[in-house]
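Every chain is named by a letter (A, B and C) in the order it is written, and numbering of its residues begins at 1.
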Amino acid sequence: MYSIQLEVPRKYTDSPYLKRSYFEDMAINAFDTPFRRKFLVVGIILGVLFPFFSPPFFLHIANLVAIATIGALALNLLIGNAGLLSLGHAGFMAAGAFTTAIMTVNFHMPIWLVLPVAIIIGGLLGLIAGLPSYKLKGIYLGLSTLAIHNIIHYGCSEYQFHGGFGFGITINEPSIGPLVLDDKKVWYFFLWIIAAGTGLFITNLLRSKPGRAWVAIFDRDIAAEVIGINIGYYKILAFVLSSGLISMAGSLYAYYTAVASADEYDFALTISYLAMVILGGVGSVLGSFLGAFLITVLPFALIYIVGLFEISFVIKEYFSIIQSAVFGLVIIIFLLVEPLGLAEIWRRARTYFDLWPFRFKPLTTTKR
Amino acid sequence: MLLASIIVLGSLYALLGGGFVVIYRASRVLNFAHAEAVMLAGYFGITVSGLIASPVIGLFTVLCCSFLLGLIIYALLIRPLAGYSILSTIILTVAVGVVLNAVIVLGWRGSTDPIPFGWRAYYLFPGGLRLSSSEITTIAITFVFFIVMGLFYRYSKTGQQMRATAERPLLAAQRGIKIYVISAVAWGIGFAAAGLAGVLLGINYTVSLQMGGVAVVAFVVALVGGLDSLLGTLPAAFIIAALKQLAITYTNPRLGETIPFIILLLVLMFKPWGLLGTKEELERV
Amino acid sequence: MGEILEMNNISIAFGGLQALSNVSFSVMKGDILGVIGPNGAGKTVLLNCINGVYDPDEGEVLFEGRPIIGLPRHKIASLGIGRTFQHSELFQRMTVIGNTLLGRHGFLKTNIFSGGLFWGPGRREELKARKNAEKVLDFLDLYIYRKERVSDLPYGVQKIVGLARALAGEPTLLLVDELGSGLMREEKENVARFLLRIHYESGTTIIWIEHDMQLVTDICNRLICLDFGTKIMEGTPQEVISDPKVIEAYVGRSD
């Protein structure tokens, strides 16, 4: 008879994958293990150094990606987590942009006042858009949001047209105290801090009561109601929060590009954000970022490729249409092939390496 | 003059909404590509009328091709997503619409042409109503369409199967109805109706890239009339057409464009199942 | 007077089908009431009428003396009525712990601001809820499945998760819909054990729809039997199962 004695070294019992309290268990995926924390620190350092070493053109793209991330996060919350179809995205962004325009041009309000007001106005419009969701679902909801978008768009175009603003209302650079936001580098930090904050905010929401309630409503709303969730309240809450954030993104965009023009906020913009959500992964915070990144970069990449090859003149002429078409194709392909988007592909790759050489995680057996 | 334009616009809206309802009733999918399908048919009609002399054969060709387009889109794109949430399918149709839009722009370079009709005459009706031949044809065709579809749904075997599939697909399938074939046919008919509307729009006005905007009203019309009621699109279409034309004549044109959406929002808030729709429809979504 | 639930003359019809006609009974606090009857007798419809999933056409439902017909569904749940469903109706995209935490929804006061910030009150509430949910999981021996997605779990376990979700809401009246169907013998024994413990430890009143006669006669202290939407018998388990009308409903007459 052999008796085997194992002295498990202390460092293995202190495995970072072993969570020792509920508090640790609830931690956000990105920071829960030391390895990930180190990775994150490296990432942050790279991110901070990026603007000082990159050509201004890429910096500009990075800023656009930040704004797109905020919009995508908000839209993903509505469509991916709460399951409420909204086609009114561009309308809410326009609302934010035009609120900004009106407040800065007519009343000379500073940015730290304009942003909250934009959020509130976006939220109010979201309330109106969300009221139908009390009784309606899916298709009907999509149509009502489309109607809201058209009405907002109309309002904004009328204001622009009758106010004699021609192609757009120009907005001066905002300043927070002594800091003037006119340099792209300053914008970079400002925008990415807001984007990261929004991401954190939404991640926190998803791991607490409202987030769970939204997922429950998406999955089985009658059961959710019977459990005690007030589905009408939460649906409208999702709309209000989402459109408030989208409006903030619109406001930031207007500040950044220094102009508010109704033509920019058309249905094609909604399509591009839908593409971000679907490409990135519905319901996933990481997915919103990935989708926003790729879809924002895509047109620039297309232009670059087209420039390289001197492809047909036609393509250059109708570029925006082709861009929309490419987004449409991206949506179609992803819906047919990988409906859960890039985030799912990332998860699968991670699980593959996690479990290797096994392929499936064995279901824990019962204690019999 | 105003009355004439209302009647014609109303007929066109009814046709647009009707095609939409056909697709919705069969597969519960809101075909957001409907507007682009109308445009595509319109442009295709221009091409066809350049090649084929007889307007009747030309129209028939466009209808057949639209029907085929509907079948193909269903088979390739909608059918694979059959079990998934309806959200994905709707977003899919939005994407399809965008792609079709690009095809149209690339194919026809945004030209603006009317479809030649050939029979130009004006007729006087009692009450001072003056309608051109194209307008009369439009109204007549719309009525024929609705009558044919009504009879089809009520009396023909395929029509009844279509209604059965719309109500309870599982039961229909177990009864031996080939639900995927029926749905494909429904999509074909819906697209053919869109094609019809596109051609008629091209005859009465012109074929242009703005046609999509007109066709978006199809959604509103279908909804106000009741998404599951083909008959409901008729009153809805005329009411919306009337309000829109009144707005355009007495206030500004852009408001006229927005009026359908305001009506849509009001209807959705107070009577979401539309004029002649059924309440159960809402639960089913 | 000790009655926790009273149903008086409940009738409801769907289209042409009369699902329930004139059903009346009352449940005392601390009862374990079994509801039996052949398939299609209207048992689930009855529970749905209590829960607010359906509004009966006629009749009234009194919970602790107060009428509850017409109240919004989520309010009925917050009154202390818990429910499991025949097909568990779990939230497939979430984990077991997620589903259970949802049961505690009514006890949480987090709004989007404290939830979004997740520091201070948000976090404290979440931890408290987590502790309570874990207690429920521990009670039902589900803690091994804590992080599994419910769609990956075996059928029997899913049903218990449904029970966990209902229990997390600390109900005073628990409506159980066919918890034993489709389970193996050991799993059924577990279920019986759990329900008895729940009843003993928290005094929860239980209304239990069930097909397994042995389970029902052993555990319940009162039975009612439905057939074609009407109550055909009410009484102690022994009385009900030996009643000729009940036997006829199940087995048919031997003419």
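Observations on the model:
Everything below uses one rule, namely that a residue touches a chain if its C-beta (ideal position, glycine included) is under 8 Å from a C-beta of that chain, and two chains touch if they have at least 3 such contacts.
What you see is a predicted model; the values in this text were computed from it and never measured.
Steps from chain A to chain C, taking the shortest chain of touch contacts, total 1. Averaging Cα atoms per chain gives one point for each, and the point farthest from that of chain C is the centre of B. Chain closest to the overall centre, judged by the mean of its C-alpha atoms against the mean of all protein C-alpha atoms: A. Between the Cα centres of chain A and chain C there is a gap of 40 Å. Per-chain CA centroids place chain A at a distance of 34 Å from chain B. Chain B and chain C have centres, each the mean of its CA atoms, that are 48 Å apart. Residue numbers of chain A whose C-beta contacts span two or more other chains: none are found. Listed for chain B are no residues, as none touches two or more other chains.
Chain A meets chain C in the complex at residues 22-23, 25-26, 201-202, 204-205, 207-213, 215-216, 218-220, 222-231, 237, 241, 363-364, 366-367. Note for the complex: chain B touches chain A at residues 24, 28, 30, 77, 80-81, 84-88, 90-92, 94-99, 101-103, 105-106, 219-220, 223, 227, 254-255, 257-258, 261-262, 264-265, 268-269, 272, 282, 285.
The residues of chain A lying in touch with chain B in their complex are 79, 83, 85, 87, 131-132, 135-140, 142-144, 146-148, 150-151, 154, 157-158, 268, 271, 274-275, 278, 314, 318, 321-322, 324-325, 327-329, 331-332, 335-336, 339. Against chain A, the residues of chain C that register as touching in their complex are 51-53, 72-74, 76-78, 83, 85, 89-94, 98, 101-103, 105-106, 108, 110-112, 115-118, 122-123, 125-127, 129-131, 134, 144-145, 148, 152-153, 165-166, 169.
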